[in-house]
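Letters are used for the chains, namely A, B, C, D and E, taken in the order the chains are written, and counting of residues starts over at 1 for each.
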Amino acid sequence: MTRLGSWIGKHLMLTLGILVLLYMYIPNFIVALMSFNDSSESRNLYQFQSFTWDNWLNPCEPQGMCESLRVSISIGLLSTLVATIIGTLAAFALVRHRFEGRSTMNLVLFLPMATPEIVMGSSLLALFVAAGFGGQLGFWTVLIAHIMFCISFVVVTVRSRLAGLDSNLEKAASDLYANEWQTFWRITFPLVFPGILAAALLSFSLSFDDFIITNLNSGTTVTFPMFVWGAAQRGVPMQVNVIGTLMFLLALGIVIGGELLSRRRAHGKASAL
Amino acid sequence: MSLADQARGDLKLTGLHKRYPNGFVAVESLDLVIPQGSFFALLGPSGCGKTTTLRMVAGLEEATKGTIHIGDEDITYAKPYKRPVNTVFQNYALFPHLTIAENVAFGPKRRGAKDPASQVKEILALTELTEQAGKKPAQLSGGQQQRVALARAIINRPDVLLLDEPLGALDLKLRRAMQVELKRIQEEVGLTFVHVTHDQEEAMTMADTVAVMNKGRIEQMGAPYDLYTNPQTTFVANFLGRSNLIKGTVVGREGTGDDAVVKVDMHGTIATIKASKVHTDSDHGWVGIRPEKVLIQPAGEALDAPGAALSGAVVVDASYIGVSTDYTLRMPWGQEITCFEQNTGRRGGLIPVGTKVDVSWRPEFAFLLDSAQDVEAGLEED
Amino acid sequence: RGNGGGTDAGCVTTDLSDAEAVLNMSNWPEYIDEDDGDYVSTMTQFQKDTGIDVTYTPDVNDNVEFFAKVRNQLGACQPTGRDMFVLTDWMAARMIEAGWIQKLDKANVPNLDKNLISSLQGVGWDPNRDYSAPWQSGFSGIAYNKSLVGEVQTMDELLTRSDLKGKVTLLTEMRDTMGLLLLSEGADPSNFTDDQWGNALEKISKARADGQIRAFTGNEYINDLANGNIAACVAWSGDVAAAEDENLVFLPPQEGMMIWSDNMIVPVQGTHKANAEKWIDYYFDPAVAAKLAAYVWYVCPVEGAQAEMEKIDPSLVDNPLIFPTADYLAQTHGFMALDEAKASQYEKEYADVIG
Amino acid sequence: MASLQRVFGKNAAYLLIGPAAIWLAVFFLFPMLSLLTTSLSDPATGSPINGYTLTWRIGNYVEALGDYWPYMARSLMYAGIATLMCLVLGYVLAYAIAFKAGRWKTVMLVLVIAPFFTSFLVRTLSWKLILADNGFIVNTLQTLHILGEDGRLLATPFAVIMGLTYNFLPFTILPLYTSLEKIDPKLNEAAADLYASPFQRFTKVIWPLSLPGVVGGTLLTFIPATGDYINASLLGSPNTQMVGNKIQQLFTTSGDYPHAAALSVILMVIIVAMVMFYVRRAGTEELL
Amino acid sequence: MSLADQARGDLKLTGLHKRYPNGFVAVESLDLVIPQGSFFALLGPSGCGKTTTLRMVAGLEEATKGTIHIGDEDITYAKPYKRPVNTVFQNYALFPHLTIAENVAFGPKRRGAKDPASQVKEILALTELTEQAGKKPAQLSGGQQQRVALARAIINRPDVLLLDEPLGALDLKLRRAMQVELKRIQEEVGLTFVHVTHDQEEAMTMADTVAVMNKGRIEQMGAPYDLYTNPQTTFVANFLGRSNLIKGTVVGREGTGDDAVVKVDMHGTIATIKASKVHTDSDHGWVGIRPEKVLIQPAGEALDAPGAALSGAVVVDASYIGVSTDYTLRMPWGQEITCFEQNTGRRGGLIPVGTKVDVSWRPEFAFLLDSAQDVEAGLEED
């Protein structure tokens, strides 16, 4: 056996795992590649013609794309903000309090995750129409829908973090003269914060990526996925690949940057003294 | 420089009672006075209510009956953050997101102290943590974390410091080192320490006063020496160290005052026990003899103890533990008793199992307990 | 019969064109020329000339689908965010009838009355062109990729030839696809019976079950045709030529082909009607129309554009796809006007077969 | 005073849970109810624009099921296969991250989630490019005679199932990882010590202990996959359309809300029934 | 009924070496023979390589050099599940999803035993777990869990049973009870036990042979009594129990054979040490005396030990621990030494701090170590 061969034998599962990960990245690779495709010469959008920076230099060239991106990002940020706040509060209630209706609430929170998007989206549409808001479909109805399906994911994420929190820490804080308010802000919140952050990231990605529910409730408002869907009919402009790659890099950058920063901070502080 | 510059009061628990919502009574009518500035140890088997008691003092649990005073102030219902009491938690409960210095500064800052930084510096120096100031708790060793927990509490100069098995998680060597440290710090700052522990040796070497708790009540309290030499119940006799309890019948009471003694017939041998060590009024009782008070010699060899001496015992087990040897003896009446013998080297080796030995003890060290009490009380239950 | 709000309820907004030099419009994909190097597109020119900022969204892929997108707003008298749609004649008719479309101010569109070709004048659903102005006309026929397969001459070939299996697409537009199939059934698309309709539908159904059909599409067929994912399809005339791929061929099936027109209309809640009218008038200028036609290769609805074409690209002057002769038009057919009940019956049946 | 505080504490709980409860009640539960009434309304007398009136028309259900049951069956089958594939692939990756990744754990976990940010439509479209009839993969498979001369991948059930598998893989991986990560590696060693071969270690120890993750992950995959229509639209053909396509078509282009709603309700009921059965069988009820 | 009915072999480790992938050498050339059927204890400070050694024997870690044999069979590279070795893990590693009976049956089932059920029954009876058979591990107490871990391993009748601090997590009382249990079971089944522990008392009372490990090597091994009375290095002297190490200079060697002695000048006093207890060839050395061998008496009172006696020492600390008292003495040359005294009661109380005392010990219990060694070796480092 070669050295590589024996390494693979020893690390079979890791190797297979990496292969699965690579599989997950095949489309991303193609997307990144196509973002450098020069499509001006031919309208055949299925082939890599020649290399160009143009798409990266003029990402907003396709009519309406950047506008739709702006819409998606606004909806993403707003729904993340609202769902994260509402969901975090609910998670606190569920972990820290025993109240009547708690198990019903757990079920109600689980249901949206167990409902196919098409059902959720269509029921919401049916409601909006029945309530006479059929005409108001657009930014706000999409926002409402996104907040709705993000809440459950936020609750689940924050709840597990909160449940893992040692309740002795809060007791220790109150023993050290912190009143309820101070205990929350100085101890509980900072410790649950990574969970809240994760929930917010998840919310944003779910909202940013949603098509099915959005499509049903958006009226004539166009989000980025809807733009892509529409553009698919005539050949997706190469700039879509630029945005796809950019968002991916951004997410990666934020997470890895945050990780590095927190490591360095821990390290820096330790060596500062 | 001592921190104990203000006048504080004793900690008084009166008729303290705790029933948990599920109906379980964890603490039953507990009365206790802990003098200001003392090092007080609370001992007792698992589940006897030690933590519950401490939590009531700290305000983390509400008493169902009774009162808690520090000096003249009634703090029974005060909020935890308004009490002059701090706790060192069993698993330290250090704030993982704050540095050591920030952990220690937490209390003073909440109280709006004028110069927390210099206080922190002083306390970190006292607890030898100056170099760790900037680290996070996860970067410290167990012993260091323990000191942080201590520093974080002490810096507030509470009237009472509660320690709930703060050394429970440490291994033996580190534990012994921390005990010395803790004692040193207590003497230096002069606060009242209430220390809960499972470790008897720890309680006896560190505390001025030891209380033995059982099923929600204080069974006995006193100086370690008094408690060990004169236990009043079979529970205390068995729980604090080991005891040989031998059935006896009172055959006479003699003398008065300090000289009063009780004569007890123990399977044919008469033992004379000081009246101050007799804790039963009935005619039957358990004669208690500590293993280290049991002196033995192979049959026929000279035995250097005055008072009661018996022959006809046989060594059935000898367990060598370096510094000493534990012998198990079968007495003529069938009971097995334990004998602890320092390996002074005088004997030149162990007494072999099967050897017939003579047994003796000095009468002044025996005690007499109520025969109505369970002879197994305080031993490990399954 | 006005459906919902409409003009009866006075659902017309005030025109903000004076204050806002903007125009939002929806059109079909690949239906307008684009800037390229030195070439200045007609739209860019329009914006320069008028100072109107045009937001042009090519989001119409299918009349029914687009209708579904806007019907709730239109019905509720809410803005759709658009000042102009470009929809096919029958759909434009339906909307006008529903009262959802604003009347054009004839004074603002002199070129429309002056230059509209005669064949598009006096249509039954808008005899005076009070509400609509044609954008382009076109034909629906067969397209194929000659690098992959031989000529496809009839709809029957398209639906049964084994070398095309799994490589055929039809249009989601019922009137295009069914029109051609009715023709191949020997029926007249402008006047057919339920039985004929049923037979034609059965053909699709069978082809679909056989795996002959790969997809029902809107405009996206053109990429797949060029790429080789499909070999032949029902297509719109201009798209194929404009794709600039020598392998792609458009041809009328032997049985004949369908003709249609797409029309600019202004919805009642469109708040920039005057700007829309400027746009219409501009595109009815023969020079502009010729320039557009030279790019999109669809039938030009503007009289005088053929003469202007001489200056732009003489080779296109006689192209029947742009300037069809009467002979050429003889093989084309329109689709029967349907009342609401028939329309929804046929649409449902068609949807069930293709979906 | 003590009891007063308790009352306040209880109110605090309701204050905290309130916004979420109200939001979900108004925008989830109520719409579901409204969906139910729409599904029982007469399609002939109402319209999307003018609304519908409840006439308890059970016929909608009969018709929806009668006309569209093949879509439903296909959805369940595709989603089922995709879920199985996700389970296999996801298990491998989650296992590798949990037990073999060492200090690369966080990085690998981030890499699992990061593709979310490239819109999944964009990624699905690029599969269309990868699997194109004249693309590299199809050509290679044809050269290897794995695919026939006129064989293809796009517009086949394979492409749809692959698309579903690809898109929902992260939803399988995350719950799997969470429960694998909780398993003490010592248990694996203990099993090895007790004569269990690597395979037995997996079947007797690792797998049973990861069941909560398996159930969670498969549910989070199966449910959305059943309702999905994007993959079928972009990668499939008319013969691979799923129930989601039909529901979406009925709601939008056809504007036939009652039948669309009836079909949605049927889908929901089938899923809930299957989930209940599954969760009960797996013995992981406490999971929900 | 004994389970030890098959003939098995000794466990032999030869030149065993372990270097971790990060380059750290945890075990360095370890040679060890553990006789079949013996109870062997491995002692050593944290990080010295005990767990690593056990894991190599169990096959959970691969040796980088050396061999492992059981009898004649080389198992150095055998897969863990093919070795006749079982481990009782520190935190038990019980399968949480299986019942107690299923946990215990795990091994036999994997090996395709014919009648696992009856074997399980027998072992559960032996370990007194019959009533727990149907419960899940989480429902048991710590002590019960410990017994399950034991039962799960023993049922396989392995040639060698490895115990990696199985009692580490228990509290003292329970720990002592489990020790008795463990010893009883070992005697009953007759397997080879290799027991890693931090607890010296545990090692000494339970094991036939104790090995003290330090930095990846065996520093010394032997019967507990021999190891304790005759340590060969300062590390062993300090690590196994406590030792007073006093600087000395060899002034003469006398006698031959068993009678050979070495005379050492210790700050002016001559100590006579048996040659068998001298572990240095140089002229300088550390004279080691165990605290329990140090006998004291207030100055002027009779001291009952022959041999070396010294006066001029002062008691600087007395720590009462019930069964005994630890005295710290300052010797005339300034060094502090520790003295352990059983509270036999003979003295009637403690010797007060500050008292001048005479000190003596029997010469036959002193040992002489190499002065080149670190006098602090084996004491807790920080």
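Note that a contact is a pair of C-beta atoms (placed from the backbone, for glycine too) under 8 Å apart; a residue touches a chain by one contact, two chains touch by 3 or more.
Every value quoted in this text rests on a predicted model; they were computed, and no experiment measured them.
Contacts with chain C and chain D are shared by A. For chain pairs A-D and A-C, the one joined by more C-beta pairs in contact is A-D.
Rounded to whole angstrom, the centroid-to-centroid distance between chain A and chain C, based on C-alpha atoms, equals 39 Å. Chain A and chain B have CA centres that are 56 Å apart.
In this assembly, the C-alpha centroid of chain B lies 95 Å from the C-alpha centroid of chain C. Residue positions of chain D touching 2 or more other chains: 48-49, 132, 252.
Annotation for chain A: residues 46, 129, 132, 134, 232 touch two or more other chains. Among the residues of chain C, those in touch with two or more other chains are 69, 72, 75-76, 227. Every residue of chain D that touches chain E in the complex is listed here, in rising order: 184, 186-187, 189-197, 200, 204-205, 208-209.
Against chain A, in their complex, chain C makes its touches with residues 29-30, 36, 55-59, 61, 69-70, 72-73, 75-78, 80-82, 217-220, 222-223, 226-227, 243-245.
Contacts from chain B toward chain E in the complex involve residues 46, 143, 171-174, 177, 198-201, 204-205, 224-225, 228, 240-242, 290-293, 295, 304-305, 319-324, 340-346, 350, 361-362, 364-365, 380, 382.
Residues 58-60, 79-82, 85-87, 89, 91, 93-97, 106-107, 110-111, 152-153, 156 of chain E are the ones touching chain D in the complex. Across the complex, chain C is touched by residues 40, 42-47, 63-64, 129, 132, 134-138, 219-222, 230, 232-235 of chain A.
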